[in-house]
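What follows is chain A paired twice: with chain B in the first complex and chain C in the second.
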Partner chain A sequence: MNENRKRVLLQGLFLLLFAIMFVIPIFFMFAKSISFGWQWPNLSPSGIDIRAWEVAFRDPRIYQSLINTVVIGGAVVIFNFLIATPAAYSLSRYEFKGKTMIESLLILPILVPVLAVAMGLHIPMIRLGLTDNLSGVILIHLLPTLPYAIRVLKAGFDRLNNDWEEQGAVLGARRATVFWTVIIPLMAPSIRSAALLVFVISLSQYVLTAIIGGGRVSTLPMIYYPFFSSADEAVIASFTVMFALLPVLFLILFETVCRSYLKILKKP
Partner chain B sequence: MFSNKAHKFRPYLFLLPGLIIVACLVGYGLFSAIVESLSTPENEGDFYYYIELWQNNTFLQALGISIWVAAVSTVISILVGLYLTRTMVRLFRKDHWKFLAWLPMLIPHFVAAYLVFLLFSPSGWVSSMFYQLGWIGSIGEFPVMVNDPFYLGVIFTYIWKEIPFVILMLLPVYQEMDLRYEDVSRTLGGSKWTVFKTVEFPWVWPVSIEVFLILFVFILGAFEVPALLGVTYPKMLPVLAYDWFYQAAWVNRPLAQAMMVCLSIVSLFAAILILTFSRRWRKKWTVRREEI
Partner chain C sequence: MKVENLAISYNGMTVFSDLNVELEKGKIMSLVGPSGCGKTTFLRCISGLTSPTSGTIQLNGCDITKTKPEERPVVLMFQQPLLFPHMTILQNVTYGLKYGKRKLKKKEREEKGLAILEKVDLGSHGERYPHQLSGGQQQRVALARALIVNPDLLLLDEPFSSLDPSLRSSIRLWVKDFLKNEGVTALFVTHDREEAMIIGDEIAVMKDGSFQQTGAPEEVYQNPKSSTVAEMFSEGVHFEESFLPANQLTIRPVSNLKVSDTETIRAVIQYKVYKYGHSFYHLHVPSLKQNVVVSSSQLFNDGDHVDLTYLRSSVQPFHNEQSTIYFTDKARQSR
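Our next item is the complex of A and B:
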């Protein structure tokens, strides 16, 4: 009994620690964006004001950047799935010659500084017409994301019991049917993690977009960096909140798509 | 017969798109960086830019501060992450709390940098609180922890961001581990440290060292955080490389490429070393476990 109480107490302590470290700063930032006259050494703002959000949304560049960011992030997620799913499946289900070697090759992009690769690719990509436009930026964003997508999906396939697939096959389902109706729904948690991780990594890229986008492709980080040194703290805070909200919106959208897919599946 | 042959090639076929992308981007990117860095101005010898680089004081200072930041942030993140994981695994039997570790993963690095700035800059919230508590009398008395020459702000940001990463990497290890061995070790009179050393360490060690490698290399090569929270001198390596890359009509470009090529070579060697080691370690331990 006593042991149990101690345990609950410790659990509470951990959650509190977590809240102090991770949740409160985010709320703090939100408060900053809608505050006014919050200057040193005041511990709380003297009033509420949505001016910063107005400034942020009135800036014509931000609308375009927001769209670019979402388009690039979405495309990067889709390409990642197209490339990583078969790769992860293969690594998880087959034994073949050179597997260790191939696996190591595929994690190369997180072992080599991406900046080195981007600097090297700058001139070749100019020649191929892949700079200053969205397609080049999407391509280069595959670099820091692909290893993580493969890793997360592989772990998902590893956890998935082979029996379900065999049962489907025994019952006469075609491979493709088994894939779409058995594997994909069972993989939903891993798919969600991979999508979210990839989206956030793409959202966080400044230097790759700057080099390959050549300053022409404006994403949110492109506006954020110059803004950071400006004096208007509330505007930067509102920008920052936007960054924190985008993955959440993405998650909600993704979840809706997943749910409707499962619903369609369940209909005979 | 044919289907058998097709089956043999299928795994490679599935891996092909990923391999092509990685080979083209990383392979060609590094290749062309090497080619550009090996170019020599007229009347100069081979490896001109490499010799220049290693005699450049700005570069050496940047190298020093980068290693400092990467080492400190990585070691602290792993130690704290390891401690939190092993406590949480025992504390919470189910892994519903796993999403807690996911939450900070959703925050981009530069947002984390901004949070650190808001809290720890001289005009930040912590400084305000110190003033209210009477610990400091003016804004100038608050220690400079952001945009400081020791890169404390950058280190804070990395620790804040990487602890959840460490937890998510170590968690599967702890969930796979048979914690009953712990009881065995304890009943046989093992101290806390012996229990950790004999039961957890063989499992945790190879993963920890891989995580160390990933984080260390990432921090050495990442531009985003030091660009916001760093100082003009000394700069961290990626910031310096980016500066050189765009400076004065591209003349310093080969120098920036040379720096990045050196960094890549070191990273690759470290990776080969560590991955080989951790693979061997794992193999050895699985064999031992089977013997038992």
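Our next item is the complex of A and C:
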């Protein structure tokens, strides 16, 4: 009884905090983006107006940059999983020489300014033809995202100890089979956090995209930041809402993919 | 199953160096031994999860020492049930038939799964998830999941140690009957002497990386071959070279009276328990630094100093397989 009440209280507190930190700002941003003449000290706007959204969507670059942002974000997430899953799994399960060194190397991109690294990589990437195009930008986005993805997934693998693999093996299933049918489903929470984290990091890259994309690859931040100088608060608000909505949409899509994977597993 | 000269060491630290044991098809062997003596390691070697440093493991005449765990016809049941939490009970039970060596069609799988769930008394729980089951039920599902693949050898590593005592005593009888009915060959690790005797056709006592003694439960219980075995598996007191079963001991008030053919050792009553309609005294023998439980109908108080008397002829020297003098009429009369 007491335990139960404590839990309800905690949940309530958490929801409140969540509302204060995320929901309310977004809501105000949205309100701001569609309101007209809403100035201090008025408690409510004097009218509704979708002018800001019109301005935002009148800009022809916005569609291309939205598509770019989503394509880059999606590709970065996919490449992250392709690289981070085996890396995190090996770091968690196997002992090998230089393991501690690799682990400390993984924090480096978090400590060293990514900008410095990108500057260094710029010339080689020009030689390889990886500038001014999408693939170069996708590649350079791996730099600030991979360390996080590997750490999150490694923590997930560490949490699931080796017992599950062994239990599967003694029942006669091959290691790869156990991995796909038991380990991956049990890793769902870590996979979800890693995906969202990577997507959001990629979404908010400005400088890296600017350097490697050379201004040819435009993403949402590239047209969003310049708007700050315009001082048109309603337009900035509409961009902000778009920004906040993208991860939510991504999460919904990702969740659907996860669900269907689990459904397929249950099929014969 | 036959194990020869099995040895294993971790980073140069030897766990066991020369294990030899044989188990007939259809028999159950209980493996007892103190914590850390290598019981789990031994089972892991047989199931293939750990590779031995040297030695061979044979099953039905085939050498399986180098076979991968998933290819061996051996299933290991861990201390925890380890049911896959994202699968229903039925999916858990049929896992080995879906992804294992012998893959069956969905219909066949589910039929077999339901049949075996019926056998473990969980026929109506197939659609539930593991967290909706009690500890004992989960352990039964784990057993069903292990047995459904029809292993030639089932290894059980203290499967009931996480259960509460009453559940434990009911499930072990049930498991014994179940394994016997199915004719499963099994190796069963436990800390509990009673459990070992209930489940095993044979007992193997392990200590310091080797098998001290193997044999039928009553044989090991009544005829320990060494003081280690006596301490771990038998009831009574043991001297350097001999063993004295507890049923040969009689508690008497302290006296200096000497009776011919009998010997006396001093002991202190620690406490008394009632069991099976009798009173049992837990005694400490200071001179041997041992504890022993002796039944007596006489009344003593906790902390009393008493004499334990016994017939000199009832002492069994170790390494003597022919000493079958207990329960002779003479020994009975003397009590």
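We take it that the second predicted complex is superposed on the first by the 241 of 268 C-alpha atoms of A that agree within 3 Å, B and C clash if a C-alpha of one lies under 4 Å from a C-alpha of the other, contacts with A are read in each partner's own complex, and residues count from 1 in each chain.
In this text, a contact is a pair of C-beta atoms (placed from the backbone, for glycine too) under 8 Å apart; a residue touches a chain by one contact, two chains touch by 3 or more.
Treat the numbers as computed from the prediction; the structure is a model and nothing was measured.
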item: Clash or fit, chain B versus chain C on superposed chain A; value: fit
item: Partner chain in contact with A:G47 - chain B first, chain C second, else both or neither; value: neither
item: Partner chain in contact with A:L10 - chain B first, chain C second, else both or neither; value: first
item: First, second, both or neither for A:D163, with chain B first and chain C second; value: second
item: Chain B versus chain C as contact partner of A:R174, first or second or both or neither; value: second
item: Which partner, chain B or chain C, touches more chain A residues; value: B
item: Partner chain(s) touched by A:F96 [first = chain B, second = chain C, both, neither]; value: first
item: Contacts of A:L262 with chain B and chain C, given as first, second, both or neither; value: second
item: Where the C-alpha centre of chain A sits as vertex, the angle toward chain B and chain C in the overlay (nearest 10 degrees); value: 90
item: Touched partner set for A:P226, first chain B, second chain C, both or neither; value: neither
item: Smallest distance from any CA atom of chain C to any CA atom of chain B, in Å, after fitting; value: 10
item: Chain A positions touched by chain B in one structure and by chain C in the second; value: none
item: Chain C-facing residues of chain A, complex; value: 163-164, 166-175, 177-178, 181-182, 185-186, 262, 266, 268
item: Residue ranges of chain A in contact with chain B within the complex; value: 7, 10-11, 14-15, 18, 21-23, 25-26, 28-29, 32, 39-43, 82-84, 86-87, 89-91, 93-94, 96, 99-100, 102, 104-106, 108-121, 123-124, 139-140, 142-143, 146, 150, 155, 193, 196-197, 200, 203-207, 211, 221, 224-225, 228, 233, 236-237, 240, 243-244, 247-248
item: Chain B - residues contacting chain A, complex; value: 8, 10-15, 17-19, 21-23, 25-26, 28-34, 36, 87-88, 91-92, 100, 102-111, 114-115, 118-119, 123-125, 127-129, 131-132, 139, 160, 172, 213-214, 217-218, 220-221, 223-224, 227-228, 238, 241-242, 245, 253, 256-257, 260-261, 263-264, 267-268, 271, 275, 279
item: Of all residues in chain C, those that touch chain A in their complex; value: 47-49, 68-72, 74-76, 78, 80, 82, 84-87, 91, 95-96, 98-102, 105-106, 145-146, 149
